[in-house]
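What follows is subunit A paired twice: with subunit B in the first complex and subunit C in the second.
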Partner chain A sequence: MSHGGNEHVGGPNPLISWLFTTNHKNVGVLYLVTSLYFLVVAGVLALTFRLQLSEPNNVILGPDAYNRAMTLHGLFMLLWVTTPLGAALANYFVPIQIGAKDMAFPRLNALSYWLYLSSGIVALSSFFAPGGTADWGWYTYQPLASLRYSPQIGGSMMAFALLLLLASTTVGTVNFIVTIFRLRAPGMKILNLPLFSLGWLATNLILLWAFPAFMAPLILLVTDRLLGTVFYTSAEGGPLLWAHLFWFFGHPEVYILLIPGLMAVGDIIAVSGRRAVYAKPAVWVALLVASFQSWVVWAHHMFQSGIHTGLREAFNITTELISIPFAVIVIAFLLTLVGGRIRITTPMLFALGSLALFIIGGASGVFNSSVALNIGLHGTFWVVGHFHYTIVGGGITGLVAAIYYFWPKMTGRLFSETLGKIHFVVHMVGFNLLYFPMHMLFDMPRRVYTYVVEAWGPVNMVITIGAFTFAAAWALFFAILFHSLARGSKAPDDPWDAAPYSLEWNIPSPPPEFNFPHGIPSLSPTGKISWITTNGASPSEHSHPHLSPWPFIVSVGTSLIGVGLFMSPPMTVLGLAAFVAAIVGWAYDDLKDRFKVVIEAIGEKWPFERDNNFSLGMWTLVIGEVALVGPIFSGYVFARANSLLTGFRWPAPGEVHPIELGLLNTIILTTSGLTATLAYLASKKGERGRTVLSLTATLALGLAFLGIKAFEWWELHAHGITFGTDIASSFYYVLTGIHASHLLAGVLVLPYLILKAHKGGYDGGKAPGIEMFAIYWGFVDIVWLFIFPSFYLL
Partner chain B sequence: MAELGPVIAFAVVVALALFQASAVILGVLDPQLMTGLVLAASFAQASLVYVFMMHARYASKGVLLLTITALLLLIPLFLALLYSVELPIHVPRSR
Partner chain C sequence: MVELLTTETIWYSLFWFYLMAAVTISALVFGFMTFVVLRYRTKSRNPAPSDPIDEDFRLGVSPKRGGVIPVLVIVGGLAVLFFGLTLSTFHANEVMEDVSHSGDPAPLKIRVEGYQWGWIFVYPNGKKLDGELIVPVGKAVQLEITSRDVYHAFKAPDFKIMKDAIPGRLNYAWFRAVEEGEYLVQCYELCGVGHARMIAKIKAVDPGTFQNWYTS
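Coming up: the complex of A and B.
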């Protein structure tokens, strides 16, 4: 596979060029290969437990092995396969489709990938940990996942791996949002974007809050397991807290999995039908509405948990309502076909197949939204059938269509249409044999490793045959791709006649390093593409090799830390050393201005014209973090309200945490917020001395805050109040700990900013680093302004 | 003067913190009223920091829209958790 990203390096060591690449296309390929590898791993696990369930009383897998296989299959397919598979294609094509030469932050893009791989390595390594990996189901049942019931360290490794994965995704999300909003070509309005990019934007607007929202309960889980807090084992928090926080993330995640594939299907239908997308503005509005609605449906996963009847009624209605925007999208796609001169190609077959499967999955979802039906169907194979039709049928099958569609552009090679069509038939037969009969098992409980009811045997056997047929379809898919790489004929630049539809079909196959050899793309109001020619490529395009070793080395560090923390302490030390070295090296590169990002000054930036890429990046990050701290604060209120029922006495103001110390820290932190602001304002004026002075004051105040906080923790421990003393201490330690770690990160960045300011790095009146820091520091201030009353005053 | 806004905001935030602490220490207010005032003061402080120290006043409307969306998304979770408190099925009423 040839990827323009390596043209400058190529040469003697292609391995290094892949490891250190920051080119979005190469990163996309890395995502693609890795997510497909994880798909094979998770798929093989599925085959093992399908074999186990093929007949009653089977003994191929014991209960523990079954639970582990099921847990990893679910977690991997959801988080390490489907989401990154969309990210793979998005990495490759979204910058091209919007008319950009690369992502806004290429090194962060590489970091996202390497952290993703690192998290996968840690997760898979948990298999080999003593006691095996997590066996508590992909939903992570509480308190089953607590240390008391699941003491194996592999479980803790899995939780750590998930945190790494969420960090990776959050970094990637920020990058995509800035890229799509700020790097669009001239004339490229939001509605000019192809559906795949539109869908990826909507996906990232969900991701921005969904993954930090998942990080919240995960942090509580990790501290429960590693530090002994009692979030999920106390009567005031407990399983219901996990259920709410998990599903608050979990249902938006469904749309994260679905939308990229579904929107790619829309593009393929339009191109193959040779028609513009019907009612595209309505599709975009429906996407936005569905994205917002995805946040108010989660409790339909909890109808059987005994939650308030009013809540169940409310979520019944909101869940039924979310079918409306998706109905709009499906109808728009179908109407796109009306009057079209349809070409039945392999991508088009998969697109139509995906749409059909999604309709079935969506229709069965309406049944699940009803409280009455849900109570009967919940926990049975009906639900397994439903969500596989939605996610595998609508999401993954759509992405298979997208891979076929984009393949000639990515590789410069055509694939065999005949084999592709055979693949389609095997895929659809296998899929429906596998998942449709599950609806007939509406009385068979899921999450059981075996069963005794003979009547379920034949249907389960059909399902297992379907599973192996579906696996054969995937094997055929990989064979077709390899065959194309090895023997495929050369692809033209525009094999689907899609040049008027989207930018990627107007450039060579595969695209060159900076994507657009003809100049800067520009769209007229009617959507006509033209090229703004420059005097050749900018100098940086010729000198900049698109390489940085630091993202890769960070990943090596986090992998070693993740595995070593649980299995080999020396490995952790090595990992920490690699991590610190990478961060220092990264900062040194910045200080010397060694890595230049190629960004065109002209283009569409609505609605973020007043920001710059860096400030928007930081804004996006901290706004995303609202979904991290918000759910924990909500959990705090929940636990505190519960304590009124359970009789647990919450400490009175001043009883445990001295109000004076809290007030002192509030004043210190607020003052540091002011000095950070003054540093930013001074840097804008190019006042080097005042900038350095204000930053130094911020550093001193930050250290003072941390010192007082450390003293408070020390005193609490000295008085026997530890992480696990009660729910109040658990929340105090974790919330102040999260806050302090944020503060510490800022304090660690400050010496770099001071050094750069001192050396005149911000003399020109532009100081994106300090601006980012001021935004970040303000957010840290705000979080403290809620911690102070929560624990010291109320 | 660009510094005036942040300096005034800083002074107000500190004054509100002093008010919060003194209200609790003195304990002269009705507990419910005090809780309401303390929380209202926190939201006011957060707004001032957001506008003047995070420079939201210079940011685009898109940033404001994202911020509001983030806060709106939390409301259903907060309400659902509160509505879940009265849940005797899972939560024993006494230890």
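Coming up: the complex of A and C.
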């Protein structure tokens, strides 16, 4: 692929430069290619089961194969395709649109991608594990997904792959939030951002909560499957514990999938109509309101589970209300066009098409929100039709529009408008033939590999024909893109006449490595773009300090650990070695200050002018951590409340866990919080000796805590209290285990900080590393202050 | 004779109400969309630089574009619509939820147990049927639904009743068959390889036949 960044990445070997790249545009291209590959995989799986369902009592796929194909299709399309496809374009264009030369943390950006790829590889290899992969449907209901009913190794691999993916996304989220808040060009206020970047910010604000919140139930699932805890098999936890925690993530996820495409559509509409976005502040407020609302609608997925009527009615109302901000957005987009001069291009056709499909999906969603109608619609093909209209119609079709829109900028090539328009027609015909008839099957259960009711046959046949037509549209899409790469005429810098609207159309196609050859972009209060020329703020394009092998090697290590854990122990050892080597290498690069991040000194940083990128990054990560630990604590409360109903006797204070030891550890940990703070204060004053001393004290206290914790675990084991003894011991082990592993991570970083401080690395009074550590350590302390009373005192 | 209340008639009348609202609103939005695109469409590729439209077209927020009034109209309009929809939903839900609204003072109480992969129906006198539920026409039937193993979902689509069958929990639903015949019961929550075949039937027979069978 001819690509801008590529030419400048340098290095003797183009393969190495792709593997070790940290440039946001290259990472974007990697994301794009990978997510489209996964889209093809998951799409082909869908074709196999559409073939199976085309007639009643068909025998192309058996129930085993069907369940696996359907599960993988769902998981991949949602988590490995749609979100990363948005991330691909965001990686490429958000830094450009905000006026930055790269992301705030380029190496972490590369790490996000490589972890994403690793997770995909682990997930796909689970397909070939003995006994097959996960076959319980993407929402993994319990206890079907427990070891008892689904013992296959592939299922555990899938859970592990999901954890990896969530880690990858969380790293990316922190990076984007810091980048968008702190790296904007001078004059670029948040509201000045094009809708795509604005939407990506909103998406990341949801991601920051939602993905760690999904980690919580997954960790409990993995410990259930690997260590024998009883979260989902005991009466106190059980199926509803999973359902609540899962949907708490699951519904916000829908907006994560939708917003990037929808907001790209807004930009394309504005550009094609040559009009400013109508009521842009209202669009932004609507996005934020919807983000918050997305946290209080989850139980509408559980209307039939027997939760209290009043609660269901409340969720009915919140669910209806969330359609209001999206109605505001849709109408604002249509009003944008009023009085405009609309040019119908391929991206514009897809944009309008996407909006139309999303309106239908939104309308059918109102039906589902009704507690009464839901009785008839829940678990049927109506629902399948509904969510494909929103996610494939609103989300993916919008992203197709965005790929067409951004394509000339990314590749420097134009595509055939005629073919693009033919593609649009095939896409829309295939889509509607595929998903619209599903609404007529509102009595047919979803996720069945076959059906006996003859009357459902003809409609299913139409759906299958639609599926193949839709698949043909995708084949055509890829052909058009390849044709453009091979034969496309050279794209001008501004093929859509969009230069006044967004920065990317003011730079060459494809953009040079650091994006802005004319200087630093800046924005006047009236929205005029100008260029500040300074004396070479960017490093020479021939040196390449921006290559780093470590993100790639970390991820190779992680995948080996992942696959090896389930298939071959030596592989795990090898992976662990690679992982440790990469982390040490990464730290060594930092110690020697070898990797340069390209960041302009001036810019718009509201509302985080007083922070630095590192502290803001750590604060953001801590919010994500809260979203991880919080749901586990909610699970604890849920199980304790349930134990009153089931008659399970929760151990009395002091009965199992000695209060004295807990108290001792509390004192040790709070003291270490104090020493960590002292280290931070000393480092700010540049006092080397006191910094080293305080850090060393923190290390000693951290080790003491871990020692006592290990002793407590040992004692419990000696008394026969294990992971799976009961729900109380499960929660104790997992919560203290998560806490201790966080503490251990901090303890492992400390020697590095001590070494760097000792060598005078923080003498200048700037010690972002220590500041980050102090924030992190404080968070870990606070978590303990919740754990201590929960298990020792109550 | 007064027509007996059934869950499916309540459901369908609510469904048509929602459908009417959805079609009307979608038609309005699609009409507006089509109008705007056709009305403001152009083929000229080179806009005049002095065109007043272009002043507005730039990075950032345009002070000229966008009033509060349309936003308030959308929010207010939808709020009113949803208020109407929600009230009728809650009313329908109350009736569909609670067997006391069936008008039958002594409904037939059946325990439903889902298992991998089938349905067992237990009658008050201890009679037990696997894969078939026999009920008398006209009588309200209350179901107490649970599961013996994994998460299932009980649904009889003809009666528009559904409840998840969850191990360790009891969920309730009621229905009434007004015509003799056989009706489909199926599991609507993925429960393993036998999910698609987790089918049973409800057989509605005349009350006399039922009584003979039940007391035999």
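Convention: the second predicted complex is superposed on the first by the 774 of 794 C-alpha atoms of A that agree within 3 Å, B and C clash if a C-alpha of one lies under 4 Å from a C-alpha of the other, contacts with A are read in each partner's own complex, and residues count from 1 in each chain.
Note that in this section a contact is a pair of C-beta atoms (placed from the backbone, for glycine too) under 8 Å apart; a residue touches a chain by one contact, two chains touch by 3 or more.
It should be emphasised that the depicted structure is a prediction, and the values quoted were computed from it without experimental measurement.
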Original post:
Now for A:479: first (subunit B), second (subunit C), both, or neither, which partner does it touch?
Top reply: neither
**OP:** Report for A:240: first if it touches subunit B alone, second if subunit C alone, otherwise both or neither.
**Re:** both
Subject >> Partner chain(s) touched by A:311 [first = subunit B, second = subunit C, both, neither] >> reply: first
**OP:** State whether A:67 touches subunit B only (first), subunit C only (second), both chains, or neither.
**Re:** second
**OP:** Would you sort A:320 into first (subunit B), second (subunit C), both or neither based on which partner it touches?
**Re:** second
Original post:
Given the touch rule stated above, what does A:352 touch, subunit B (first), subunit C (second), both, or neither?
Top reply: second
**OP:** Kindly classify A:142 by the partners it touches after superposition: subunit B alone (first), subunit C alone (second), both, or neither?
**Re:** second
Subject >> First, second, both or neither for A:281, with subunit B first and subunit C second >> reply: second
**OP:** Considering only touches as defined above, state whether A:677 meets subunit B (first), subunit C (second), both or neither.
**Re:** first
Subject >> Where subunit A meets both subunit C and subunit B, residue numbers >> reply: 235, 238-240, 305-306, 646
Subject >> Interface residues, subunit A side, partner subunit C - complex >> reply: 63-64, 67, 135-137, 141-144, 149-150, 189, 191-192, 194, 235, 238-240, 270, 273-282, 304-306, 309, 312-313, 316-317, 320-321, 323-324, 327-328, 330-332, 334-344, 352, 355-356, 359-360, 363-364, 366-367, 370-373, 375-376, 378-380, 443, 445-453, 497, 500-503, 523, 526-529, 646
Original post:
For the complex, which residues does subunit A have touching subunit B?
Top reply: 181, 208-209, 235-236, 238-241, 244-245, 248, 292, 295-296, 299, 305-308, 310-311, 606-611, 615-616, 619-620, 622-624, 626-627, 630-631, 634-635, 637-638, 641-642, 644-648, 653-654, 659-660, 662-663, 666-667, 670-671, 673-674, 676-678, 680-681, 684, 771, 774-775, 777-779, 781-782, 785-786, 788-789, 792-794
Subject >> Complex contacts: residues of subunit C adjacent to subunit A >> reply: 10-11, 14-15, 18-19, 21-22, 25-26, 29-30, 32-33, 36-37, 40-45, 47, 51, 53-54, 56-62, 64-68, 70-71, 74-75, 78-79, 82, 85-86, 89-90, 92-93, 96-97, 116, 149-151, 153, 155, 157-158, 160-164, 166-172, 184, 186-196, 199
Original post:
For the complex, which residues does subunit B have touching subunit A?
Top reply: 2-3, 6-7, 10, 13-14, 17-18, 20-21, 24-25, 35, 38-39, 41-42, 45-46, 49-50, 52-55, 58-63, 65-67, 69-71, 73-74, 76-78, 80-95
